[in-house]
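Two complexes, one shared chain (chain A), two partners (chain B, chain C).
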Partner chain A sequence: MAAPLTLVLIVAVTIRAVLFSSSLAEPLMERVEVVSPLNAWKRVVEGLALLDLGASPYSGDVFHETPLIIYLFHFVIDYADIVFMIADGITAVALYLAVQDYNKTVFRKQKYALEADRYPHDCLELIRTPKEMYYIPLKVALFYLLNPFTIFSCVAKSTCGLNNAVIALFILSTIKGSAFLSAVFLALATYQSIYPLTLFAPALLFLLQRLYIPVNFYRPSFWLFTLQYAVMYLGSLCVIVCLSFFLLSSWDFIPSVYGFILSVPDLTPNIGLFWYFFAEMFEHFRFFFICVFQINVFFYTIPLSIKLKEHPVFLIFMQIAIISIFKSYPTVGDISLYMAFLPVWSHLYRFLRNIFLVSCVMLACSALFPVLWHLWIYAGSANSNFYYAITLLFNVGQILLVSDYFYAFLRREHHLTHGLYLKRKDGSEATLVLK
Partner chain B sequence: MGLLSDPNRRRALTNLLTRLNTPLCIVCYLAGVAWFMGLAFEPFTLRTYMSENAMGSTMVEERFLAGERALVTAREFAAQKKKMGGMPVDWLVKAMQARGLEVFTQSFSRTLPFPDENKERYMVHGTNVYGILRAPRAPRTEALVLSAPCTPGSSNNQAVGLLLGLAQYFRGQMYWAKDIIFLVNEHDLIGMQAWLEGYHHTNTTGMSWTPLEGRGGSIQAALSLELSSDIITSLDLVLEGLNGQLPNLDLANLFYAFCQKIGVLCTIQGKLQRNDWDSAAGYSQAVQTMLLMVLKQASGRPWGDHGLFLRYHIEAASIRGINSFRQYKTDLTTVGKLLEGMFRKLNNLLERLHQSYFFYLLPSLSRFVSIGYYMPAFGLLAAILLLLVGMREPFGPGVLSVLTPLIISHLTGVALYTLPIMAQQTAVEHFPVSETEAVVLTAIAIYTAGLALPHNTHRVLSGEGTEEGWRVLKLIAIFYMAVLLGCTALINFSLGFILALTLVPVAAFITPHVPRVLSALVMVLLSPGSTLLFSIFVYQELQEAPITLLEGWNLFLSVISQGILDHNLYGSLVYPLISLLVYPCWLLLWNILFWK
Partner chain C sequence: MTAGRCTAALLAAVLVCGLTCASTAAAEEAITEEYESISNANEHVQAQDDYARSQKRREITEHDDDQNEPPPSSSSSSSSSSSSSSSPPSKDYFKEELVIRPLSSGDIYASFQFQTRWDTDFFAPGKKVSHYRLFPKSLGQLMSKFSVREMHVSFTQGYWRTMQWGQPFLPAPPGAELWVWFQDSVADVDGAWKELTNVLSGIFCASLNFIDSTNTVEPTASFKPLGVGNVTHQRFLRYAVLPREIVCTENLTPWKKLLPCGSKAGLAVLMKSEKLFHSSFLSLAVHIRPVCQDWGCKGTAWELRQTVNVVFDLHTTGQGKREWSFFKMFSRTLTEACPLATSSKVYIDVTDNPQGELFELNPAAPSLTQAVVLGDRRTYAVYDLMASGTFGLLRSLNVLLRWKTPGSVDMLRPLLHGERYVAGYGLQTGEIHTLIYNNHPYRAFPVLLLDIVPWYLRLYIHTLTVTSKSRENKPSYIHYQPSKDRLRPHLLEMLIQLPPNSVTEVTVQFERALLKWTEYTPDPNHGFYVGSSVISALVPSVVAMDTSYTLEHPLFSTFFPCKEESSYFVRVYTEPLLVNLPTPDFSMPYNVICLTCTVVAVGYGSLYNLLTRTFQVEEPSPGVVKRLANMIRYLRGVPLL
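What follows is the complex of A and B.
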């Protein structure tokens, strides 16, 4: 399996290298769909210039990346292209390994369940076979590396690719069962963009499951491990933040990075939901609605964790998707990360209801983004409403996609316990309806 | 959400759509066409009105009286032009300086990718002369442009004369709050392109020009003047710009309002408005005017020197003097008054023209159809594609077998886009044709070769085509077409609509099981190339200058070369759109027909 992965990596790197040297790279760096004020390369360069002048990189209100990123590029600025390509490669390999391991776990569990005869007899067609699972890790890597969204994001040198790499490493270390590394990478991801904070719950659930500790509030072992993981997480977060402080010897970055993410002062259009609302809103209501919008990202963690506590990896997928939909400055790079997971759930295909419609909507929207941007900014004949309408549709498409997968997952689980061919009480064939 | 989540209701809806699919498609198509034709019917259109308050209620008294003197200047200019055998730059500079303007020149040169046989030019060298009248009343942050092209031969002398006359008159007035730039551009659009690029410090087309030495404020509006006779019978307004972009409707309203006030006959597309909308002749006149606008807009080329201003966010229009056999004549003084009035109103602008519509069609100068009214016509056609897509839920194997035709048809498209210009030298060496002919004929040859190519290759590469295979391919092709036409219609409604009119029926009926020869014939007749040919005949018919088949063919060839030139010179997007996207999409459908 290593050979096809190498091949995919080579193809991906070649495409990126060609695009880096083509004339496409320059305009891509300006596209609001691909870069946001948080992760634009131009801003990183500006921050570096300020740093080289001996000023605080945050003094110009242009740079909003974390101090670690700027110090990383301080040393490798000449090799920025390669860094971004490597980041994409790391993400793909990490996801590949993680999914491979996860599939093994899934298969083992399924085998035990089969041996224990826990599945209803008509569910045999839902049982997953090693043959269909064999290529899934490769498909995941393929989906990430050759997704046009990832490629654009990489060619535009959006630092989103680095965040994705950190999150992918976090997923890998979690699935490999290394609590310490998992906590460190989670802390790093949180440090980068706050929102991955919500991945704490699924990671904890997964590690608990791996150690066969039941989620039971009356068990001391549960509390012990939770405490242990939380301390590791908070400890490494603390270390990273303090390290940043010592690097710059100022706390400037806290308001400049986290304040910027949470209070959304920059209303440059992007593919997210924030900009239009807050451009239109009266200043008076701004604080209230910022709270409402931001809570969206964190709010779903609790019900989802309760519902999916047996399936933490699916929960990770859901959380990443929710983050990329509801975060304040989303870019297409964020979307590509959760899209890479879609092949993992390919066995849910038969239960998906709107996948065709949703993929059509998302493809059409991706084509319409540049067209409406052209009409609004360049031709001056359309206005922001046109662009926002497409943003809205795109996000509705994403939400439908995620909820469709959620429904399909739950439905499969339901069938695995209750049998595939459900009967009503009167004996007629029943259908499941989500209401 | 009920429809999305409840499987029973969904099934009911899908069944209904599947059962009624064919009648629904036919109804949608007919309704789309009927809606479009109905747009020109007067009760369905809106009366134009001035939206911009700054231009609305101000009373202006026009005092320009120097029409006769302008004619004298025009004759002098003509004599100088004849003597120089081209643009009399020095004379123009002196004339403008004598009228108190700050005068600058800009020289430019451009080698065309291949000779332009219509205008007989290949290596173009020229000079633009422009004079700036600085605003006495306000900081010089905004400007207006009045331009007149200096064309070879005896045309357009009066325009330059009037421009100089207006410059002299405007110089004496104190109320200007915006700089006024008087521009005489050589080699029509090429000169205009050089001047605009110089003014805005951009270089999008790789042209060489000397930088501008003097500059006014940001340009708010521009008028381009074309006059070739001492007296005129009517004034024609030209709005269509590059890529089908239109100026704000208020500019047309302004022109119309002043024509009404001063009592000049005004036309659009060369068609005079009729008052009897309820008669067949009146309706037919409106339809013809609107169809001409649609065809011109769809061509994506600038139809006057104003066409390139629109790209820089500047509202611009061309005003063309027409001298026909009518009784009622207008002299240059009146035209001057009209321009004076328009400039004084534009001078009052507090912000860019933005109040009125940017997306409209004009069945006459006093009536317009806004985007909300005409989009449904396209929407009904696009609905057919959505119905066809929505019906199927395919997938499964065969994605790879679909990939080959996709790649091959796009490679053909790339060849169609790049080869004609790259291969012209080789073609000229081996065949007895001129460069221009070589380019056009290569394009046509590749276009035709594309028909033979794809349906033979997919079998070689992927074995037997399956039933599932063509269904997936058709689904992809239809979805592709829906997105493509949708995007096109947003940018250039006319182009999108005309393409939809011919491509949608093909997409709807095509399967490998229809009678092959007949369908192939229908498909070729409805291909993008044939659409262009038909459009030429329709256009000539509407212009009341019908042509024979042979003339039509020659015109077809020259239109193709113009399209390629427009793309290379001004960055018009129609040629790349057709060759890189629409044609491959059509080839996919062609591929389905020959699926084995």
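What follows is the complex of A and C.
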């Protein structure tokens, strides 16, 4: 199993190395779909240049990376290409190992359920076989490494790749059951971009499940572990933030990074929903809508955690997807992370309702982004509405994709408890509806 | 008989003057109080309007009084009677001059300078300056209220073409420029600056109130004080440029009212707006600074310099004929000097024409003088308006320059020259190129380059390159203050050594920001202006500069203090830039809000749907008849069907 993974890694690195040395690297670094003001490489270099001039990188409004990133690249600025390739490799390997472990757990659970005869008898075709599950980890790595979105993001040296690596390591350590490492990586991911904060709930649920602690508010063991995990998480977050303070000995980075993410002052176009909305917003409603849009990202955590408390890994997938759709400065690198999980849910394929439509929308939008950008910015024959329309469509596509997977997941669970071929009272074949 | 009438008239004048002064002093106090109370309530706009209006009214009456008075040198009784204080009256005088320089392009450059000097101290402890004679009261009060040490404001229409016209006596960038040094006693410099710009905006009827933190900077080296004093920390300096400002008659009129004689007598009668604004370049300026009272510099005096620099075009004003006269340029002739002036002169640059072979002057100049200006020794024909012979039999002076040969004069290339442009295409990124020319054949000299770029063009300082003669030329000093969105602009200051006979190219890349729809100007596709770069330098001089203070110099040669013989100070402004930004569709706010909210609602709705509902087997709904029957059965209490 290691050999195909190595092969995939080698192929991925080769593709990236070729692109890095090609003429494509330079224009990619300017593409608004690939880099955002938060993670553009040009801005990292600018921050380092400001440091060299003796100014604080946060004294201007160009640099919005965290102090740890600037500290990292202070040393490896000359090997940045390699760093980004390694980050992608780490993400892929971590996801590979995590999914491998997760599949083992799934299979074990399924075996126990079968032995306990908990599944209805007509559900045998829903039962997953080791044969079809064997290649899933490899497919995940493949989906991440060879996804054009990831490749573009890596070649543009968007620091989104590093954030993805941190989140992948968080997932790996959670699935491996290491509460401490999980808390540390979650703190690091939160420190990098706030939004992974919502991954706290699925991680906690997974770890509780792994330790066979039921989610019961009257049980002290539940509260004990929750407190333990929260303290580890907040403690490491605190350590990281203080460390950043001591690196530059100023708190300037807090408004410059987190204030920037939350208040969305930079309206540079991207593939998200924020930029045009807040460019066209009436000034006195601005604050209200910023609050609404930001709460929207965090809002889904609680209901999703309640609904999916038995399936924390699917919850992680849902959360990552929601973050990458609704965050303030999304890039294609964020999308590639949740897309890497799609092979894990390949068994849901039979329940997906509009996967064909969604795939077509996503492909068409990906092709239209550069076209309409060119028409607006360079040719002058289109205006901002064209590009905006495509971002809307792209986001509708993503929303449909995610909700379709959610639907399919819930439906499969329903079938596993109630049987696949449901009958009406009068014995005719029934259709399932949401009520 | 005549002597008797004269004394009677003098007495009457003194009486009238004393009365009006007393009444106006009371009125002025009331105005000041009212103004202060209003400005304390932070209602700048209201205050500035009232203030300016009342000040203007006051100016007119005051100057009219002044004109009734005899010149100061002849009579001290009137000033002592009106000052009504025991302290000796402070000395003030007024000088006016006009310099005309024929340009090699065939155009003609006229530079007016009016100097009012007053040996008083606005900031002497325990003494409130309340009596004004020649010095305009509106500016004097401004100085004392805001503790201004030095103030330079200019309004310019058109761009000074250094390569065609040489260096101007007083450089100014297109649009409005304001720089102020505050006294070191000022605690809240930003607050004082904000109020000052609002008041000045009222005084000059200009849009100076658009100066805010997004276009104000504190340059570290480029704008050092031009007067005496020792505060040089940039904390007390504020500099702002409004490149978009349009200069018009409404700015000229209040400017003229600051003159002791208004536009009624002296050189100012030539300033008719219909002619001045029909020119290639027009720059109005007011400079106030503390200067030495005497050669020993024992006390400070306040100097107000009002200048107008204008270039008349050969083709539009001159109808293509190289023949210039006062009447042709200004549609007026001179008939008298300003009665309040101690000196009133017209200089005409005849350096290229020592024997009169190029052009002839009519009437011939009574005298010639030499002055070292901008590193060159120039010869000037002088017409002294105080001398009665100048005006001749017709009681008017209309100097006529008539060229004998149609060929143009060769102009020495200016030693320092700057150009600027934006490179790149599209609305995403761009590159600012600044070219600085050193035309000196063998001397290298350093220049200070100051760039102010608005925040919506995000500069990337790591892309800054400076090349001279296709080799990298590392600046020996860089001061870079990055911008803050919607708060402050980029400030880039560099000290660059220019090799002899070279072009130095400074490039820096920028990114164009998408703004909120309310932040665009009403004509967003016209583009956004970026103010001129400022190049300040000590240029090696061809002749020894005059550094002595003992001689009487013409005004135009003494604006920038000259400290050494071998070089002179030059400031060059480059072109302002016009940069296009990407624009949103301004007609779409409702649509965008609706559409984006719809997409968010689609996301919310589909998740809400899946979260709150459960899967159920769909039972076929019973028909209408059956439902009706069931309802009746339910009412009857029998089992349902």
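One rule holds for everything that comes next: the second predicted complex is superposed on the first by the 433 of 435 C-alpha atoms of A that agree within 3 Å, B and C clash if a C-alpha of one lies under 4 Å from a C-alpha of the other, contacts with A are read in each partner's own complex, and residues count from 1 in each chain.
Note that in this section contacts are C-beta pairs under 8 Å (C-beta built on N, C-alpha and C of every residue); 3 or more make two chains touch, one makes a residue touch a chain.
Predicted model, so just to flag it, every value in this text is computed and none were measured.
Look at A:K42: by the touch rule set out above, it reaches chain C but stays clear of chain B.
After overlaying the two complexes on the shared chain, residue contacts for A:F107 are found with neither chain B nor chain C.
Looking at the superposition, the partner that touches the larger set of chain A residues, chain B or chain C, turns out to be C. In the overlay built on the shared chain, the residue A:L368 is in contact with chain B alone; chain C does not reach it. Judged by the touch definition given at the top, the superposed model places A:L50 against chain C, while chain B stays out of reach. In the superposed model, A:N354 makes contact with chain B only, not with chain C. Using the contact criterion defined above for the overlaid structures, shared-chain residue A:F298 touches neither chain B nor chain C, since it reaches no partner. Of the two partner chains, chain C is the only one that A:L410 touches; chain B does not reach it.
Once both structures are placed on chain A, chain A residues 400, 407, 431-435 are touched by chain B and, in the other complex, by chain C. Against chain C, the residues of chain A that register as touching in their complex are 30, 32, 42, 45-46, 48-50, 53, 55, 59-62, 265-269, 273, 275-283, 293, 296, 300, 303-304, 307, 322, 325-326, 376-378, 383-385, 388, 392, 395-396, 399-400, 403, 406-407, 410-411, 414, 418, 422-425, 430-435. Chain A contributes residues 353-354, 356-357, 360, 363-364, 367-368, 371-372, 374-375, 379-382, 400, 407, 431-435 to its touches with chain B in the complex. Chain C meets chain A in the complex at residues 425-429, 455, 458, 460-462, 478, 480-486, 490, 511, 513-518, 582-585, 588-589, 592-593, 595-596, 599-600, 602-604, 606-607, 609-611, 613-620. Of all the residues in chain B, the ones that touch chain A in their complex are 4-8, 10, 245-246, 310, 313, 354, 358-359, 389-390, 393, 395, 479, 482-483, 486-487, 490-491.
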